[in-house]
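We call the chains A, B and C, going by the order they appear; numbering starts again at 1 in every chain.
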Amino acid sequence: MSDEMEPEEQGETLFDAPPMGEQERMVEAVLFAAAEPVSVAELAERMPHGSDPAEALAHLKKRYEGRGVRLVRVGDGWAMRTAPDLGFLMHKESVETRRLSRAAIETLAIIAYHQPVTRAEIEEIRGVSVSRGTIDLLIEMEWIRFGRRRMTPGRPVTFVVTQEFLDHFGLESARDLPGLKELRAAGLLESRPPPGAAAMPGPEAEAEEEATEGQSELFED
Amino acid sequence: MAEDDFQSDALSVSERLAAEALIVDVDGFEGPLDLLLTLSRTQKVDLRRISVLQLAEQYLDFIEKARHLRIELAADYLVMAAWLAFLKSRLLLPPEPGDEGPSGEEMAAHLAFQLERLAAMREAAARLMARDRKGRDFFARGAPETVTRKREIRYQASLIDLMQAYARIRTRDEFRPFVMDREAIMTMEQALERMRPLIGYAGEWTDLTAYLPEGWARDPARRRSAMAASFAASLELAKAGLIEIEQAETFAPIRIRKARQ
Amino acid sequence: MSDEMEPEEQGETLFDAPPMGEQERMVEAVLFAAAEPVSVAELAERMPHGSDPAEALAHLKKRYEGRGVRLVRVGDGWAMRTAPDLGFLMHKESVETRRLSRAAIETLAIIAYHQPVTRAEIEEIRGVSVSRGTIDLLIEMEWIRFGRRRMTPGRPVTFVVTQEFLDHFGLESARDLPGLKELRAAGLLESRPPPGAAAMPGPEAEAEEEATEGQSELFED
């Protein structure tokens, strides 16, 4: 080490610069403890006179090659960073199960029974407007997706249930959903008709409609 | 700290000056035990071989001087003075026969122990504070990466939820899981809730029908439901050891009473 | 039962645990990223199924021996800390530690050496009442915390030192406190009740505890 040193520098310093191994330790400690990337100039300032932080950095960089952390250049400074392939360790995942909101489950049910169904139709059936968040949530859950556009004025998008939905609810197809008759028989539906409700088309009726439409594939994934 | 003054060989004058300095500095002491510890240093012996009698005299002397200088001392210093005066008398006077309580030697030994323990804790504290310390001698990571908490929310819904939801919309009504008229239904939970506070009074055998809510015994449908629920509830209560049940013979009235411990 | 389980369990883990070298990298990355000590349990939670963080830690500890940063044990956690001999490089990072009063330092030492210890016991040892402020300060600094209540009349709370205390003073555990063994051997850590009824006047003996508590506050700087 000392033979590499400039004679001029040797004269200047009261003590010899620490051996390179020590300098490497110093750089390691400083970069570890620093909140911000540290420049070579700042390292030189902090380290004992005559040190060669650039060389120490080079040694250190090599030492950390392939390790869990790496020495990286950030702007004109140096910093220690987690190896990119280990980024997954920095996430803590937790799963929380929640019940679907009433609005969401009702919207989902309407889509399942009436698909393909437009938003306006869902609102008509539910009697309240459907929030954008509800639709987004169901799409995000991959339980519904966009169907074909309806060939009516405004060409509204329709919603249909997905394979994921069928898998989740253990259905072969949306047609396997129990019809009104079965719901009634199962005691899930009161026998008296809803006040002033016009007969709603069941899934069977909608199935025909779907067959008649064969337009935009744009919205299908 | 004035203790250094006591380290030097003291002439009577300098000793007195030092004692006065001590008194003026009384606010610098952490209580009477601390003062005693400081005074004990003047004996220049190991704390284990300290003369407690001499220490007591030093302390009492200190208090006397403070009083003379009209320095107000906190109450605990005076309490200690009283105790040391008592200790001194115990150490000096031979124990009277039938004397109760600890001997002067025992009390002195305990005081010596306390002083030694306090000195030891002082030293331990100093050693602790002199250690390499985080943020001064060694450092934690300066740029910690925060662990991002990814919370995945899984929504749950069963087919029944779905069908119920649909049924609810189609009936435009609050969904009811059973279409039976609930007005004539009593659940076991309701019966339990009703019976629990009542059984405390059931010291004697009482017919279970007495526990049916008022009015429920008349309507046959309601009576059946209430009876079944109350019977189920009484079985629960019996299982919990709260009541006893008896039935004399088949179809005889079912009677219950509070369990006897 | 167990021999039935084994093949099932093997089937459960889709992948084998990563090789030890990889596990070491992972532990390294996690500990580098954290400012606080991380427990073996937490490491195991974050690493792939079947990993052995304890062994990885042992390897890692060896690797960092003599380096600018070290792997240290702190209570039941592990942390990376810079080597103490390099503290002089870290003027920029050094935090001005609050100057503690004598009362606070002594109280801290007593809690560390006598833990779990009640307030009355601390007062017995120091011979003065412990001000509420002293305890509050030490709790605020996260050096002490409440321990279990003592099963004696009044069920007094006890105080114990924290992991942060161990971390701050570079201790692996409270058993490593300097001079602990000697103090114990000398019987200075026993609680020795004063002989007989003529108890030493302790702070409890005073009628107006409130008043004296306020007074001892005067002695703190």
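Convention: a residue touches a chain if its C-beta (ideal position, glycine included) is under 8 Å from a C-beta of that chain, and two chains touch if they have at least 3 such contacts.
Computed from a predicted model, the values in this text were never measured in an experiment.
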Label of the chain whose CA centroid is most distant from the centroid of subunit B: A
Centrality ranking, top chain (CA atoms only): C
Geometric centre distance via CA averages, subunit B-subunit A, whole Å: 46
Chain centre separation (subunit B, subunit C; CA means) in Å: 21
Centre distance in Å when subunit A and subunit C are each reduced to the mean of their C-alpha atoms: 38
For subunit A, residues contacting two or more additional chains: 29, 32-35, 80, 82, 90, 92
Residue list for subunit B, restricted to those that touch at least two other chains: 139-142, 145, 147
Residue ranges of subunit C in contact with subunit A within the complex: 24-30, 32-33, 46-47, 66-69, 80, 82-83, 86, 89-93
Residue ranges of subunit C touching subunit B (in the complex, touch as defined): 32-36, 79-84, 87, 90, 93-95, 97, 100, 102-103, 105-106, 108-110, 112-113, 125-128, 167-171, 177-179, 183, 186, 188, 192, 194-198, 200-201, 203, 205-206, 208, 211-212, 215-216, 218-219
Touching residues on subunit B, where the partner in the complex is subunit C: 27-34, 36, 74-76, 79-80, 82-83, 86, 101-102, 106-107, 109-111, 113-114, 116-118, 120-125, 127-129, 131-142, 144-145, 147
Subunit B residues touching subunit A - in the complex, by the definition given at the top: 139-143, 145-159, 161-173, 175-179
